[in-house]
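Consider the two complexes below, in which chain A is the common component and chain B and chain C are the respective partners.
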Partner chain A sequence: MTERVFSIAKSVLAVAVLLSLASAGGVLGYLRQPRELRFEPPVAADLDWFRLMSNGIGGTPPESYFALGKPYEADAYNLSQGKRLYAWFGCGTCHGDGRGGVGPSFLDGWWLYGPEMVSIVASIRDGRPHGMPAFRDRLTIEQIWQLAGYVQTIGSYSPKVAAPSRNDDKQTRPAENRGPAIILFDEGPVGVHPDQGPSP
Partner chain B sequence: MAVASACSGKQSALDPHGGPAIHVEHLIIGIVAVCTVIWIVVIVVLGLALLRSRRAGAEDANSEGRLTTVVFAAVAASVVIIAGLTIASFYTTRNIGVPGSAALTITVRGQQWWWQVFYAGSDASRGFQTANEIHIPVGTDVQVRLEGVDVIHSFWVPSLAGKQDVVPGRSNSLLLRAEKPGAYRGQCAEFCGLQHSHMAVLVIAEAPADFERWAASQRGDALTPADPDAAAGQVAFLAKPCSACHTVRGTAAKGTTGPDLTHIGGRQTIAAGLLETTRGSLAAWIADPQTLKPGNNMPMVPLTSVELQNISAYMESLK
Partner chain C sequence: MTSRNAGALRDTAFDAAEIDRRLAAIWSTTPGVWGALATVDHKVIGRRYITTAFVFLALGGLLSLLMRLQLAQPEARFIGPDRYNQLFTMHGTNMMFLFAVPVMQAMAVYLVPLMVGTRNIAFPRLNAFSYWMYLAGGLLLWIAFVLDTGPDVGWFAYVPLSGPQYAAGKRADIWAQMITFTEVSALAVAVEIVVTVFKHRAPGMSLDRIPLFVWSMLVTSFVVILAMPAIMVASTALILDRLVETHFFNPAEGGDVLLWQHLFWFFGHPEVYIIFLPAVGMVSTIVATFTRRPVFGYLAMVMALIATGILAFGLWVHHMFVAGLPRLGESFFTASSMAIAVPAGLQIFCWLATIWAGRPIFTTPFLFAIGFIVTFVIGGLTGVMVASVPFDTQVHDTYFVVAHFHYVLVGGAVFPLLGALYYWFPKLTGRLMSETRGRWVFGLIFVGFNLTFFPMHILGLQGMPRRIYTYQPEMPWSGLNMFISLSAVILAGGFLLFFIDVIRSARTGAVASSNPWEASTLEWATSSPPPPYNFARLPVVGGLDPLSDRRDVLPVAAGLRVDRRELLVSSIVEATPEAREASSGDSIWPLLAAIATTATLIWSIFTPWAVVWGSIPIAIALIGWFWPKGVPEDES
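Moving on to the complex of A and B:
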């Protein structure tokens, strides 16, 4: 009799623990990533004020970017919006599905201007030599950061905690939420860009 | 009271004004009537059985035979009734199908969270595009081709036709027909994300002559703004990111991802039925779309107050 009571109590306890863990997970997920649909105008305007090194490679994001918690690198909503913009603004025309085409690939481990967000934002906003157009008149600065976050995710060296929405079409390349991307690059970019030196 | 008021007006399946919706209404009324009669009969028999006391010696040699007859009669009646309802349902389905030759074909693309509407051109006239407002001639069969862009939506104008899913990657068809002029509201009937509830569509049925007049005006390019504010607004519109997503035919704005704004001032509502089209509501929408319809794909474009005034004047002038 007592044994039965014990076993029932144990199952009730197990269910209770499971439920509280699940709800704690939900609360934690919400706290980690509350959805920010737009920033206050001065904050958004500040996103324009990053500093770039004089050679156009790398630099410092604005202070407010850190205060906001780097929202464009590992926030699933922003990455999804970036993926939408990638399709809407014809990035695929030159960069294909991320493997490049007329324009450089994002998946080969080579970042012509470095993998930093600031470099990617600058490339999209101001354009780059050899054909990359400037998008500053076609996208708001918030959208440019969203798109840059997505582009960085396509070719990131290490896995991110967040991923954009899945493709509805056939996968033609490793998904953005794949395992450690470094595995993909281990074969080395040497064969891909022999003219650009032995390592990325 | 609230329930009764929902049964009339411009969006109700119980206030049908078009062929398909009338067929559906007849079917549902027929099924409800038959089921009501059956329910009453069952409850009366049950009540009698409960009230009647069992008589001593009622079971004679013939009672089992009588009961068998009763059970067989009930089974036969059920078969006949269900078959009848099935036939009625098939008949209705056949009647709301799209006929082989519809007089007018419109393509509607559902996307998060608005309806893109294409009217095809012909040899004599060019096609045009509009958004969230469909005009149809009264008394004409209109075929609506439904295409999905991002996720599954459902096109439902209760007063005119039944629901039809809008699925990415395939094309569905729906017959739309209005017997009486009027404005019939519809909305997305399949949960499609954050702003599912703000994805309305207005079907305006008008006399064929009025419809032709409307179509002719829609085919034309956007009006050149006469007012100086609106002219300045056009310049700002073309310089800002607005024109990267929106088309205004006759100008350099050729974006295709947002609604076509060539004749936005002539539409009754903006943002898929969210607000009436006035200069004030246009300004409010442009100033902060993410607060009025959180999560939609229009960004907040930084504008000065003068630019905002001018652009909303320009939008209003695009009749």
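Moving on to the complex of A and C:
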């Protein structure tokens, strides 16, 4: 009988060791996973109600955004949707692969309107004076948040675990999960945008 | 013989009781937690392996019931699309990689050393390592699923769907890395089986006296060794594509999407035979025992096994008929797919002839063997149908295919396996399973299975695609789907009764003698369950049926040492003894090595640096594992 108990105890221990290892992996994966395909309409509508500073730079997201667990910055699915929207809505025509063009670069560490999510959401939703069109009539607010999360990811200096990887296209720069901003960072003799001041 | 050796204790010096005592002392697993974690006894590990695989069968079965619940009615709201994707992927992946392949190898881990008359499997520590890796891979997949990170790209994870662009997050990586775990463990077992069969057979068991089940496992192991590397390469390439932007599957940068399909199915088709061939061996064994005569056409059976094993590698493209390959290629693979029906048909006729000529006793294992023959023939017929390109183009990705592969997988592998479990249960536990319950189990499963899966052929012909989470009421599918879901309840009832029977019989079943079925292969020559050393004296084999040829006396070999774990090395063809060899003792290092490997593999989903840093603990574990013991390894 004691042998029985022993053998059960043994297997429990073995399982426990492996379980903890595997669950560590699982938890790490979970951090970027929960996949909410569509929010309830009131929740989604609430995403429109963030507060912005009067100069249009910085502010606070709506309360509900925190209640949802900040899904647009660290969730793999939303970030990859954002990446898709970036291509579908032609952001690349002005911002290139993130390194800029007619519009500013996203991975040089410079943010004209600050790096916060709400600023980016506001830029996309409402447009900006020097040539950034407003997308509020073409995208839902959820999509705008997805895009904003993605745009923020492009320029991140510590790549997010949930950052998307490469597309099945020609490769022009390292993908977001490898931290292109770090790899491409080039501290030239003058800043990349001398018009924006000496430091980011 | 060296002088140091001359003083060693041999079994010739003692009487039977003393030999038993000394062998038990040297071969037993020490009781306690430590002993359980360090054991290298193939019987302990084999039982563990089998139990774990059946747990995965039950879990996979639960998933299929969830799917059937969702599909019972049109536009059901029980499970959403995202969850459904995870369900069918988990079900397929779990059934193929965590149940079907491992359970067959597990049966071999337990039975092959007994059937060839040796004391432990070759490379016993590798065997322990293999089990821990398998367990870790299974836990990885299931824990991820519970955390809503289960893979959702189908069990064959086609790119680009599973590639970096379309499979967000770590779901696909979990799938790919789980492959690494299970393939490492499968390869390890395959190598052990090959060496055990080639080098550790009892004296006199020449190639033409090897039991058919052992032959089937030998062929299977070679198929594993040749097929699994393809999928490991593929899944590693997928992880690299996803993590560090390699371009194996990116056409824009010179990669190739079809490469994935080729690599996958170059493994995937042989995989079907990795599952099926052991089942064939089980059926041969069961049929021989319960018809009271050797299987008709031993040589033909062995040749059919080998032919299937070889042909298995020439069919993979039939899974890719709709991928737009050159016509000539498609025709070739149609022909080869039909050709493999020849060895399969040959085996069927050999069994029929055996039953015809024998005096069949309709026990539960034998019923399952019959159920197998019937079901597998139906699955084989639809197999020949989908081997033709025009037909396959119509039914590809419909429920017709789902019906087909369940007929061959459940009919061709699960039925024989259940029969085998009823048959070998006394050898595994020392108790018999219940014959009454067994008949109910067979009846429920056989009827439930056919009622569940036969209508799927019709659904497929009516155009119902597979992998859909719901369908509209206008479609003509609702009635059959409800019928299928209800039938699945019968099927599930059969499995439930089976599990009840296993648990109750293990506790209170009739105590089995060493050879309750009066079978003729060597595993029945020792007690049920066998002692840690399997055989007090290694048997000597004089024919194909060692136990029935000379029922009363089984000649044995003498001269082995009783003061260390020792077994015989014999020649490949004739199995003449060549050397006495030490078999390694219990060790905790395989478990530690498995833990280090597990940590590295999981970590490497997140950063490539894991491979660099993780190799350090792995190296430490391996150094501990192989640390010289200062004992001469083998003497002739």
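Before moving on, here are some points about what is shown:
Going forward, the second predicted complex is superposed on the first by the 156 of 200 C-alpha atoms of A that agree within 3 Å, B and C clash if a C-alpha of one lies under 4 Å from a C-alpha of the other, contacts with A are read in each partner's own complex, and residues count from 1 in each chain.
Basically, a contact is a pair of C-beta atoms (placed from the backbone, for glycine too) under 8 Å apart; a residue touches a chain by one contact, two chains touch by 3 or more.
Being a predicted model, the structure only gives us computed values, none of them experimental.
Contacts of A:L37 after superposition on the shared chain: both chain B and chain C are touched. After overlaying the two complexes on the shared chain, residue contacts for A:F89 are found with chain B alone; chain C is out of touch. Once the two complexes are laid over each other on the shared chain, residue contacts for A:D137 go to chain B alone; chain C is not touched.
The wider contact with chain A, measured as residues touched, comes from C rather than the other of chain B and chain C.
Contact with chain B, but none with chain C, is seen for A:A45 once the two complexes are overlaid on the shared chain.
Applying the stated contact rule after C-alpha superposition, one finds that A:D168 touches each of chain B and chain C.
According to the touch criterion, the shared surface of chain A, contacted by chain B in one complex and chain C in the other, consists of residues 35, 37, 81, 168.
Chain A contributes residues 35, 37-38, 41, 44-45, 81, 84, 88-89, 137-140, 142-143, 168 to its touches with chain B in the complex. Only residues 31-33, 35-37, 48, 80-82, 132, 135-136, 139-140, 143-144, 146-149, 160, 163-165, 168-171, 173-174, 241-245, 247, 249-253, 591, 594-595, 598-599, 602-603, 605-606 of chain C touch chain A when the two sit together in their complex.
Every residue of chain A that touches chain C in the complex is listed here, in rising order: 3, 6-7, 9-11, 13-15, 17-19, 21-30, 32-35, 37, 76-77, 79-81, 161-162, 164-171, 174-175, 177-178. Chain B contributes residues 168-169, 239-241, 244-245, 257, 288, 290-291, 294-295, 297, 299-302 to its touches with chain A in the complex.
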